[in-house]
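Here subunit A shows up in two complexes: once beside subunit B, once beside subunit C.
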Partner chain A sequence: MVRDYNNRHALEQKLRSAPRPAAADHLMVGHWRAMATVLARAGQAEAVRQSIASVPELSLRFSGPGEWLVVSEVEAPSGLVRRLEELCDGGAYVVDQSDGRVVFRLTGPNVRSILAKGIGLDVHPATFSLGGSANVLCGHIPVNLARTDEDTFELIVPRSYAESLFDDLMRMGRAFDLTAAFSD
Partner chain B sequence: MSGYRLSSGGLIDRSKTLSFTFDGSPLRGFAGDTLASALLANDQLLVGRSFKYHRPRGIVSTGPSEPNALVTIGSGARTDANTKATVAELYGGLTARSQNRWPSLAFDIGAVNGVLSPFLGAGFYYKTFMWPKQFWERIYEPFIRRAAGLGRAVLERDPEAYEKSWAFCDLLVVGAGPSGLMAALTAGRAGLRVIVADEDFRLGGSLLSTSETIDGAPASVFADRTVAELQSLPNVTLLSRTTVFGWYDDNVFGAVERVQKHVAEPSSKLVSERVWRIVAKRALLATGAEERPLVFGGNDRPGVMMAGAMTTFAERYGVAAGKTVALFTSGSAGYRTARTLSAKGVAIAAIVDARAESGDQAPDGVRVIRSASIVDTKGRQRLKGIVVERSGFEELIACDALGMSGGWSPVVHLACQRGAKPVWSEALKAFAAPDVGGGLRPVGAANGIYTLAGCLSDGAEKAATIAADLGFNAVSAAVPVVDAEEASSFTALWYVPGAKSKAFVDFQNDVHAKDLGLALREGFGHVEHAKRYTTNGMATDQGKLSNINAVGILAGMRGVSPAEVGTTTFRPFYTPVSLGALAGTARDEHAAPARKSPLHGWAMKNGATFVEAGLWHRSAWFPRAGEKTWRESVDREVLNVRANVGLCDVSTLGKIEVFGPDAAEFLNRLYCNPVLKLPVGKARYGLMLREDGFVFDDGTVSRFDEAHFFVTTTTAMAGPVMAHMEYCAQALWPELEVRFTSSTDQWAQMAIAGPKARAVLQQIVDGDISDGAFPFLSARKIVLKSGVAARLFRISFSGELAFELAVPAGNGEAVADQIMEAGRPHDICAYGVEALNVLRLEKGLLTHAEFDGRVTPDDAGLGRMLSMQKVDFIGKRLSTRYGLTAADRMQLVGLKAVDADKDMRAGAHLLKEGTKPSTLNDQGWVSSAGFSPVLGHAIALAFLKSGRERYGEKVIVFDKLRDQEIVAEVCDPVFVDPQNAKLKA
Partner chain C sequence: MASLITCPHCGVRPKEEFAVRGDASRGRPEPMDSDETWHDYVYVRVNPRGRTFEHWHHVAGCRRFLVVERDTATHEVYSVVDAAEFARRVER
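Presenting the complex of A and B:
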């Protein structure tokens, strides 16, 4: 995704050095990802959910009753807001969060062991299956956690916490030689 | 006694010799040894000195109940005091030191306390150090503190890393002995997610120290086979070196794993210890049973140990406790030990059986003395003989080790940590686990089953029941056959009468039987009182060996059943856990996350000094070359904003987007002032109250369109305000259609303040922002000339012409740079929260320094904001309480220092001139203070009794902390531009 104005990523400082070759367990930081909070109006939650879920390139993350974070890897922030407003057709309010959240994608064979060091949620596939998402704490940091693949999880964190979460995740993955880089 | 390594046997690797030192002496052990077994194999009997009397002490047990063999392991910052040698895994290069002795373990000056012991009985300190009162803090406490404590903590920074981890399972098995392993195997095969935790470095529990055979093979072989199968199951997690220390709400267990305490050179990638929080649907307590010591004269002589410990040393570690061993028992266990040792070629001096008869089999040719007891032991730093008493006849029997066994107590600590008390069982002659529901059940020996076959089948049955409960198809595992097991029994023997020397109940805290009698005589007979009076069970072992005997002895003294005496309270932790492990990663800069503003990088570039405000790191001031103190920078920033223009990062304020047809009504009820008719495109100052009428938070409300409001909160209250709004929307007024979400992190927000603010901003904003087009309190979505979509507010927290510009967080730094560039001809400066604070102080604007939870709107001079004609708002009803409208409440005023060179500090109190500082004379307090560079003297905001009527009066500002009194004049809290001429320019 291209942005037309000088936009500074929250982790530019942290990830500036040349990345090591990705290890088996790897942390990818979504360089730019469009994201929006969708707040369904009274009685519209199911209709809103369905209409967004029908679009394959939009990923729904549960963040409260009738409330989702919608993530897109193709749209620009303003485009995503317009798209969602059209999709919901007055059934929901849409708030751009593209600059307010940072996406971390954690992948690898030890990903569950790494997450367990900060997150008190059972992410065994039997209880947290593909497509599942939840608001959790990672240590002291509020995170929206989603399983996007068998061994891949995405953590969406408020921008102001991004550096601290990055440090925490790298520490949680130290025993497994976790590496990190911008994803694009 | 003379401990020695048997020529063969044991689960040690005799091909791997490990060198270690004890008190500097080089010694050798084998892989698979504990420090205790290696010390015993080296005939190091004396391992410590007791706490109070400094008596020589030796190893008593082979597990976590060990009261005596406490040593300091490691050196430098990696020193661990009070480590139990019985659970310390031996490694090459281990260095151990004995404790509580000076100058040496063999010759200890402190042993003089033993001579003084007639004066040092229970309660000695309480009775002696009572008067005079002024000695309490200066003399007695330092003295007692110096005497207290075993071992010495090092004061260096702990170099180890620690962490915590969550785990979830269907079944947690605490303990990997026969019951635990069998339960885990049954549940694991059925497909349950199983976690097995055991404190030992080798899984197997009592299977590793019994001579019994299972399916024709040694029990340890069965253990190894079972562990191997469990390891192969993907649904089973085995945690060795992991002590489950606590049981908490919702069946959550705390455990500590010693990840690399057992290696000489720890890997930097791994932590030293890891605390597990294990969420278990079901748990089985397979913690086994603890053998009871006997309370007889001289029972603390080095060489006296638990009979079961002798068996374990022999079977598991291939170590004999002595060359000639005697046993003192009230049950089968003593005989079992005699058989084990005898089979390994150790001479048995005698079995002293307290019972008149029993069916237990002594080894061939071993003398059994029935209805007998031991009344004294001989030897000094090692046992040389025992004095056996039988019907008035005393006999000295030579021996170099004595095994004692007073029966068994199920280890039920975890089950009793959430309030349930253990239940006395007459059949078991022990306290059994209480029924705490299906979440946690005792199994095997912890359930009072003492045969190996019984433990195996109890484990299998309990696990199968749990599997069925949880909806799994339990495959009934064939319970292996135990070959030729002898029945086991004992009688309870709490106290052996006729002691000729001290009969210790609690070895670690040096409590002997007579101390308990003294407690009872002096009115401390309740088990909880007796514990505190005598300190029985209060040492680091928490009375694992001593508590049951203390209860039995108290019961005997009072002539009641142990059931009536009851037990003391069980609490986490089962065994001591290092503070580092409990802190985990939350230390130093990781103790709390740091929140950084999107303008953090901009502030760094501009040389900011940061201040921690809650989790946020905010730019506090921006020093320039030549400025030596923060005040110089702040004064310059303030004057520059008043004269020219400044840019301040205000991104940390809470921001909430509020939507819905009822959003206006919703906010109208939240704020005490009117919001309902706020026009689109306008902002308004808003004040929220608590239900009790005091100020909760303040901020701004802006309206972008009919159904979209934007609310700001103070930085500190962003979270609480959001929670308050959720509560109001969900619980108080669910009928209102309103939705809201935080957008705090989405926006980089900057205040551009000063007479030249418009001139600067106009260069980057697309559109007219003149006073006519964009008057005070305008709030609009705009576009910058660069194309960035932004929000612009004409609000001011400085009293100057000011705007707040919000841009998407990622654009913040670039936009701020651009404004600084555009402002250069206008002498723009960056200013931080310190200057922001001075600017608002000069204008009498308020923060949470004023809104401290005791302040009503009227106290703060904002009484006119209360819109009492509104039908309702939060805080309305209670605002009219008498106390909240009283005329003599503390009211906000300004203070001007009379002497320009004197300063004031927040927290100082106000006094009338000529009065002495006292609570009675207190007239109020200073809430904020600072130096006004505009006025050239100190100013303050303060709350003063009936303050608004007292402008012009002189008061004393009394600062007890700095021991300073200055005179100040009471004035209007707005010091600068009271007509707001600059604001509306």
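Presenting the complex of A and C:
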């Protein structure tokens, strides 16, 4: 029997209704974003970090000592893996995560008050600087949190947790009239 | 229980992000050690009052095992180091 496998986004059901105009605080869900985990071999962490950080379109997200989640807005998944393997030159293990994770981008003036309802981490601008990232719990869901702009945070979550995190974020943002839509 | 742990890799984090494995000061016995030694290692736990060294796994953060030195009576945390670093110090 031949089956058609449709590539469906984890939040297709949740975000089906006609989009409301974006309010001041807005949650954007990345449609398809290429990303990969990079785990440096022993002693290679600093060299790997530097070679990836030298490429401006690759965003490094800290996930452990010698381990990062690398996100790219321009590359396709296979291209990203090939690119990273060339960059690391055998100094790291690269695994594609593009289909396994969902990217949420939370932006707006009240973004820190919204995050504070679920995240036990100090996100004050003086402590969590621009470009900073960390693995944290949002409620009971493990996410990778990164500050990508002045008042913009990205949450990367395993695909199977996406619907649950989406509901949590909308509840956390209800007091601020948070809106949500696909970003592309 | 101590509610804030300063992870050497991630900074100050709430205890909900961690899983506690237990006593970090006991070494694993040799494979051919007596049954009694192994029985003690696997089943017998001390329940100390005061300073202890424990393995804490930072499950929701860097996913590293840490050794947390804390007081079981006052909940005060004295030190937190990566378990690999702790093992290196013990060997020396």
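Basically, the second predicted complex is superposed on the first by the 178 of 184 C-alpha atoms of A that agree within 3 Å, B and C clash if a C-alpha of one lies under 4 Å from a C-alpha of the other, contacts with A are read in each partner's own complex, and residues count from 1 in each chain.
Note that a contact is a pair of C-beta atoms (placed from the backbone, for glycine too) under 8 Å apart; a residue touches a chain by one contact, two chains touch by 3 or more.
Every value quoted in this text rests on a predicted model; they were computed, and no experiment measured them.
By the touch criterion defined above, A:Gly120 lies against subunit B and subunit C together after alignment on the C-alpha atoms of chain A.
Of the two partners subunit B and subunit C, it is B that touches the larger number of subunit A residues. By the touch criterion defined above, A:Lys14 lies against neither subunit B nor subunit C after alignment on the C-alpha atoms of chain A. Using the contact criterion defined above for the overlaid structures, shared-chain residue A:Arg159 touches subunit B, although it does not reach subunit C. In the overlay built on the shared chain, the residue A:Val136 is in contact with subunit C alone; subunit B does not reach it. Residues 67, 120-122 of subunit A lie at the contact with subunit B in one complex and at the contact with subunit C in the other. Touching subunit A in their complex are the following residues of subunit C: 9-14, 16-17, 59-64, 82.
Per the touch definition, subunit A reaches subunit C in the complex via residues 63-65, 67, 120-122, 134-137, 142. Looking at the complex, you find that subunit A touches subunit B at residues 3-10, 12-13, 37, 39-42, 66-67, 77-78, 93, 95-101, 113, 116-117, 119-122, 124, 127, 139-141, 158-161, 163-165, 167-168, 171-172, 174-175, 177.
Those residues of subunit B that touch subunit A in the shared complex are 163-168, 193, 269-271, 277, 279, 585-586, 590, 592-598, 601, 616, 652, 657, 659-660, 708, 737, 739-741, 743-747, 786-789, 808-814.
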